[in-house]
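Two complexes, one shared chain (chain A), two partners (chain B, chain C).
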Partner chain A sequence: MALTEQEQRLARFFVQREGAGVVEIITTVDFFQQGLLDSLDMVGLAVFIEKEFKRKLDLTDPVTMKAMARFDSLCTLAFG
Partner chain B sequence: MRIQHIGLVVSDLDETLAALGLTRAHVTESVHDPVQDNTLHFVHLPENNLWLEFVEPMSERASIAKFAAKFGMGLHHLGFDSADLVASEQLHASREGAFTLGRYQIEVRSFGGRIRTLFVAVRGLILEYVKRYD
Partner chain C sequence: MIAEAYGAVGAYDPDIIYLYSDFRTFGRHLEEFPTRAAFCDALVSPLLQRGKTLVMTAFTYTTEGRFDVLSTPTKLGVLNKWILAQPGVCRSEHPLFSYAAVGPQAELVLNIGKSAFGHDSVFTRLLGQRAAFLHVGRPVWMGNTALHHVEHVGGATYRTHKAFRTEVYRGAAFVASDYSAFLRRIDVPGEAFTFTFREAANLLFSRGLVKQVGTDADLTNVSLLWYDDTLAALHQMFRADTTIFIDSNFIQY
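So, the complex of A and B:
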């Protein structure tokens, strides 16, 4: 599935860490279960989103935490 | 602003203590945090008037389990005394790259009894503010 321009901008966070191959699985995996994100990575991701999309995530909100696990819900958080 | 403690994540407490020239006899208190499922072990360094807080994950669901699995042991956070947690949070609220991670209440005799804590991440650095219950 081709990513939109905004999705590609968000995917860059994972590509920078995991390499270009991560794009193949990014829309289907749970980032936490897959080991692509841990608690410290979440901070890095939130910093990235704030810088790239000018949105500040509430990391104390369990709904936000859950949404960060998957790419589609992460897109909604970042620019939806 | 005084550094009150340094938080270190450990996957093997004895190994970390040995690396620092310490033993279990130096541990003044161990407290289980059921919310984050970590056990906190406290060692006081009188030369520095500073506490070391060793954070040991108790399960795979513990908040620092992945950190421990990745690094074995490592610096996790700096702890500061705070007279006002709201003010401490506001200090970072409008800063780019700063995020509140959580607020907790726990009993730690080594820190004076019942305390409230606030965790803030400033980019990659995690800060904990500690306030004794009024």
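So, the complex of A and C:
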């Protein structure tokens, strides 16, 4: 599935860490279950989204945490 | 500052610390350290310098194929990965639910029993050892793996014993297979048996078993619970209400 321009901007966070191959699985995996995100990564991702999309995430909110597990809901958080 | 928080909750009193962490808030300090490892070192060094043994989950959920105690990476978080890279780390052999330990009593996790939560598991070995749970940035209500030990021993009817053919190795040396775990049943229509620790956590607080500084709401808590007292309380809670750890009233008669 082709990513939109905004999705590609968000995917860059994962590509920088995991390599270009991560794009192949990014829309299908649970980031926490796959070990792609831990709590320090979440802080880094929140900073990335704040810089890239001017959205501030509340990491103490369980709803935010749940949404960060998957790419589609993460896109909604970042620019939806 | 974290060293003072540890002191305030009594984290220097136990000999063994079973550590839970969540760095969604404390992780804001990461930029003050040159590396992730340095950040982790700063968090645990006050404990290790005082001769404490640290025990952490290193779960991999390896339900098939091969699990290598020395090399299979954990699927868990920051400190869980950090501890596996420490010199002298000991890791238990369970292919789904392994534990890692460093410090003077680290070997207590070695040659572990085949049942993840039952006889000769980490949970039985920690009893009577002056152990305590320490939560750093992870609210107590978010859960505690020891509840599965309580469910196992107490006979929860919403869980079932399952063995796994996963072959366990320590490097080139074969260790064993057929390790087991007490897992959520998936054969009951309409039931997911999602765990909840809210009510149990409230009871632990109300009974004065949690010493805490910081707050749950902003994930700044540092919380200490003595192991033996906590398990005794959890066993009592389960006896009083066998569904206290699930979001359901299910009992299999």
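Definition applied: the second predicted complex is superposed on the first by the 80 of 80 C-alpha atoms of A that agree within 3 Å, B and C clash if a C-alpha of one lies under 4 Å from a C-alpha of the other, contacts with A are read in each partner's own complex, and residues count from 1 in each chain.
Here is the rule we use: contacts are C-beta pairs under 8 Å (C-beta built on N, C-alpha and C of every residue); 3 or more make two chains touch, one makes a residue touch a chain.
Computed from a predicted model, the values in this text were never measured in an experiment.
Applying the stated contact rule after C-alpha superposition, one finds that A:Leu10 touches neither chain B nor chain C.
Contacts of A:Lys51 after superposition: chain B is touched, whereas chain C is not reached.
When both complexes are overlaid on chain A, the residue A:Ala78 reaches neither chain B nor chain C.
Of the two partner chains, neither chain B nor chain C is touched by A:Ala67.
Touch criterion met: A:Leu59 reaches chain B and chain C at once.
Shared contact residues on chain A (touching chain B in one structure, chain C in the other): 35, 38-40, 43-44, 59-60. Of all the residues in chain A, the ones that touch chain B in their complex are 35, 38-40, 43-44, 46-47, 50-51, 56-60.
Interface residues of chain B facing chain A in the complex, by the touch rule stated above, are 63-64, 66-67, 70, 96-97, 99-103, 121, 123-124, 126. Those residues of chain C lying in contact with chain A across their complex are 21-25, 27-28, 30, 36, 39, 73-78, 81, 137, 217-219. On chain A, the positions that touch chain C within their shared complex are 33-35, 38-40, 42-44, 59-60, 65.
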